[in-house]
């Protein structure tokens, strides 16, 4: 199974989907993260408080953290460096994302929700993901490489889900790999205060997973919302 | 796997979920249909056009058709006879449904959507299903029988889905058992004009299933909408 | 054309649809109002401030006002006297509404919206209208009288539309009959302060009608929201 | 300021609004909780696991816990004993709630959300609250006691908010009284596992409060969703 | 009556609105289709499977098909050639669409829905239509040509309507001209498998039209969703 | 308290929020309006009917009106001159808005709603406001000026609110300063017909404010919809 993540900033994939990625990596699946930006302007306040900081130094630090986190999760990672706050993706950028999709041939794409009023970069990443998926399916785009199928798009849980229209329809049990998610979160020096926040959130989603019929052993879960219907051979 | 269907009228389970039921019956699962009414007043216009028809005779005819359809699908069936147009369920009726749930111990419940402006009996059946599920989970209700877990509730596709707020999130491949669904539909003498309608609908949902990543061999599908999040161990 | 109005309280039809009713009455259409209650408890504060008032005297006064208003509009009126605050409709009451529908054979039904948090009687009236419409369509209900077809249901504009989910999709030009609506509103002694309020609202909806392509001569309009799709032979 | 809480079961007010109640009690406001049921059937699984338990003994135990919790919060409490799973409120019950509203003359009402698919008792409590509020405003209902004004209705956060359509629009800082909420939660022996769950949730809502402009000292918050618009003299 | 269609790709107008266009053409109305792209990259997989295909040859083939289809429907057609997958419309392109609107002076505009996750070109076409309509109404844009009025915008049915938020509010009887739609569909060589799909869909919408009060003779219908309220002189 | 208004066209702030601005100016708060365009093309039809009009002359006239209105309200005003119909904001424009936010340090931002199908400039202004707010919060954007906090964003009432998804959650009493709003509205020569329209609307919102618990003295109100939850120390 191939999993491709389109992450607006270089931290998002850790907090919002680190467990999912570790889980599939542990299964031997091909998991790849594409960071559209480093979150260098908007998501690195701790770094900017340090003396002599520059945009390049912040990006370098953020890149190092993300690479360490990806390693902790056991997944591959790449960086587009499109800039953040605002994240802007022109057609050249779009076609690079299409190229990633054509190369990875994902069964599942992960990205952000639309309508996050706190963070429009999330909307931009989601829009680029849907548009790149569509272009990657087009026979007439770069006919030399084969088109992709119709991968599901799973949207991450945003920071304040209810006001972003996020309604979880998939609670993923990440208990078996939570140690890896924790290790990955601890790599994210610039945003250390978030580790306990996302650990608590995982516990909360875990309780809900149990309440919705999951096994009692579930202690940590991540929530996702599908864009497309699932196709299945049974109701269960 | 145990599947329990709460059908407002004695025809609904055939048109809207016959393929799903045949599929699980064919797997050896325990599938049981509970018809809350026979649809005797509102869904039997053909019978009422016959001479000398009475409410009892319509019910008898409808019961015979539903039993034949259930047999064709390979599933068990029971009748509550609560009356239709309107379908009214008092607490005694509710507790009978709770009893069915406690007995069947379903992994999945199937029923109607809410907010069908054409047919409020569908709302009544859905409301009763959710309420009965909740009561069946209560330790203090009939403590002599064990409580149930947290089965998913899958909602049928209504006749005019968009104006009922129906948004399919599960497209079920029923191609392998479509002959059984067809046989079951043909048992429903009172509503014969619907066979081709629902065959076409199944083909349409089948095309959509393929477009959403299903195998090209899918020719017939049924659409459902989940009430609760799914809990899973992988993203796929 | 036959128009049947199901009004929760005896004033609603005047404020919310008086222009529509006068318009159709003036065309020679058959227009009939059914008031489910007099609004005697909850919508007659002025009467209750008078000395020696009793429930029966309030009902009598409200009935007189509504009859005068109906006369001013040129429409027929009847009263169900189900009580208000809360309005409760049992099956006997429901079947009386069904009887009205079978007798009137409406092309259009008018009633309230759902989800009015200020006034649950409106929800009750709307629910009864949809349910009675469904029963009136049932071949097996009172087989001695003919079933009805599939009349559109138009929902009135509620007092605070946005928080009730009301989204107008029909702006009706009532300019030619606004004098009749005004005369009818002036019959409603118990709620006199509302005349200027609803005149202003009509002007506002009139401006919107012009903005949406209506003729510049429109000065007064009423807004409605359809429950069902329209069926037409042209796009216009 | 008068605060009146309509709680479906005798535990809800503690978990979902205990901080809000303690806060207003501490200000010297008049805070009163009305429990529509004890949650005796559906929300007391721990008690039912004890030997020799009966409905009456469960109710007694639950009542004791709720009274202790109310005392810890510093608020008044009453019990309607309408039964739970399902919670059913007839007109006599409704008028008792109306009587509570007429007596308390609340500036704010607190209750549950609608559309909780896990727990229809919450819907019943919310519907009764809106309907009782409307009746309590009616001049013709029990004319011997004065009508109430137009109190805001604040809806509690449900257990799985996103699938209930809950969108928080008020984050209340309960940091100054969190010790009282904790004490109250610890009174709820039957549901002890929820204390850490709701403590974590409060911390999460606290972080969100700070992110939405609240003071950095906020550590615990509760989320609510308003039914009606607020009326104010300034934008802030 | 003037009808102007803004079609994202050169096939959309045939499948989604061919009947509507033939109907108005048959009435002698002025019907004009503007194709924003040929669908050359994304909607011509059959052509791309042919040897020696190039973007220009695909566009030429698609243009020929669309012209033939327009001729079969009896309507005028023009091409903007903005490119597809992605469809991008800059201000120069926007002003060309404005020019079409100023020239055509439409009573009705037809275009796509927003929020189609499968095809963002549809969103782009819809956005351009709304924006061009607004600019065409502006006195200060190209003051040498007269502004337009306030034409209704009708949105086509998308391929998977429920997940695009499509809710049909107009079911158009196209039975009298279905032979023309069929002829037009048969011109679309590149997408031949869709003919039976859209014939079935038309039959399904036809059944729904009859169920919503349309004449029993309706066999084929097309569904649309209005953007703006309708303005009318009667309720019917 | 600092209030910053991002107005798509130079008239919007007067009609939609003039009372709010006058109210805060009268309290001694710092209120500043930023007009993204003059509405020179699309919202000045009266001016364009005059002989010899040019874009520059319309802009000059509109600027004069807006300055006079701002003076009547007692607030500061600035102009971005980005052009209207369509309003387009590139990154340079965005950063100018960010600069305004960093300079003003607003407690509250006011702007338009999303999803106004009549006027996409409103969407553009709202999107720019949310995005600029996010950039203004970013430590890495222009590190020489301090970041802002998390101001609430209040959305204006659009012209046809229900079809724009506008649901008012704040009714602001502007009675004490309505004379100033009236004076400001009268400065807007180009759109004189709107004065009575918005006076009526203010009266209507005033009646609703009273109905929702506001003081009976309220005669004029403005409606707003919040983007973010409020954070508070009490429920009231």
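So that you can tell them apart, the chains are marked A, B, C, D, E and F in the order they are listed, and the count of residues begins at 1 in each.
The rule we apply is simple: a contact is a pair of C-beta atoms (placed from the backbone, for glycine too) under 8 Å apart; a residue touches a chain by one contact, two chains touch by 3 or more.
Keep in mind that this is a model prediction, so the values were computed, not measured.
Engineer: Let me spell it out: compute each chain's centre from its C-alpha atoms, then which one is farthest from chain D's centre?
Structural biologist: E
Engineer: Averaged over CA atoms, how far is the centre of chain A from the centre of chain E? Could you give it in whole Å?
Structural biologist: Averaging C-alpha atoms per chain gives centres 36 Å apart.
Engineer: On chain F, where are the residues touching two or more other chains?
Structural biologist: Answer for chain F, listing residues that touch two or more other chains: 118, 163, 168, 208, 211, 228-229.
Engineer: Chain adjacency by touch: line, ring, star, complete or other shape?
Structural biologist: Contact map by chain: other.
Engineer: For a test of understanding, state which residues of chain A touch chain D in their complex under the given definition.
Structural biologist: The contact residues of chain A facing chain D are 118, 159-163, 166-168, 197, 200-201, 203-204, 207-208, 211.
Engineer: Residue numbers of chain F touching chain E in their complex, please.
Structural biologist: Residues 40-42, 44-45, 48-49, 53, 55, 58, 84-86, 88, 117-121, 163 of chain F touch chain E in their complex.
Engineer: In their shared complex, at which residues does chain E touch chain F?
Structural biologist: 91, 94, 127, 130-131, 134-135, 137-141, 143, 153, 227-229
Engineer: Could you list, by residue number, the parts of chain E that touch chain C in their complex?
Structural biologist: Going by the criterion above, the answer is residues 1, 3, 20, 23-24, 27, 107-108, 110, 149-152, 154, 168-173, 208-209, 211-214, 218, 221, 223-224, 226, 228-236.
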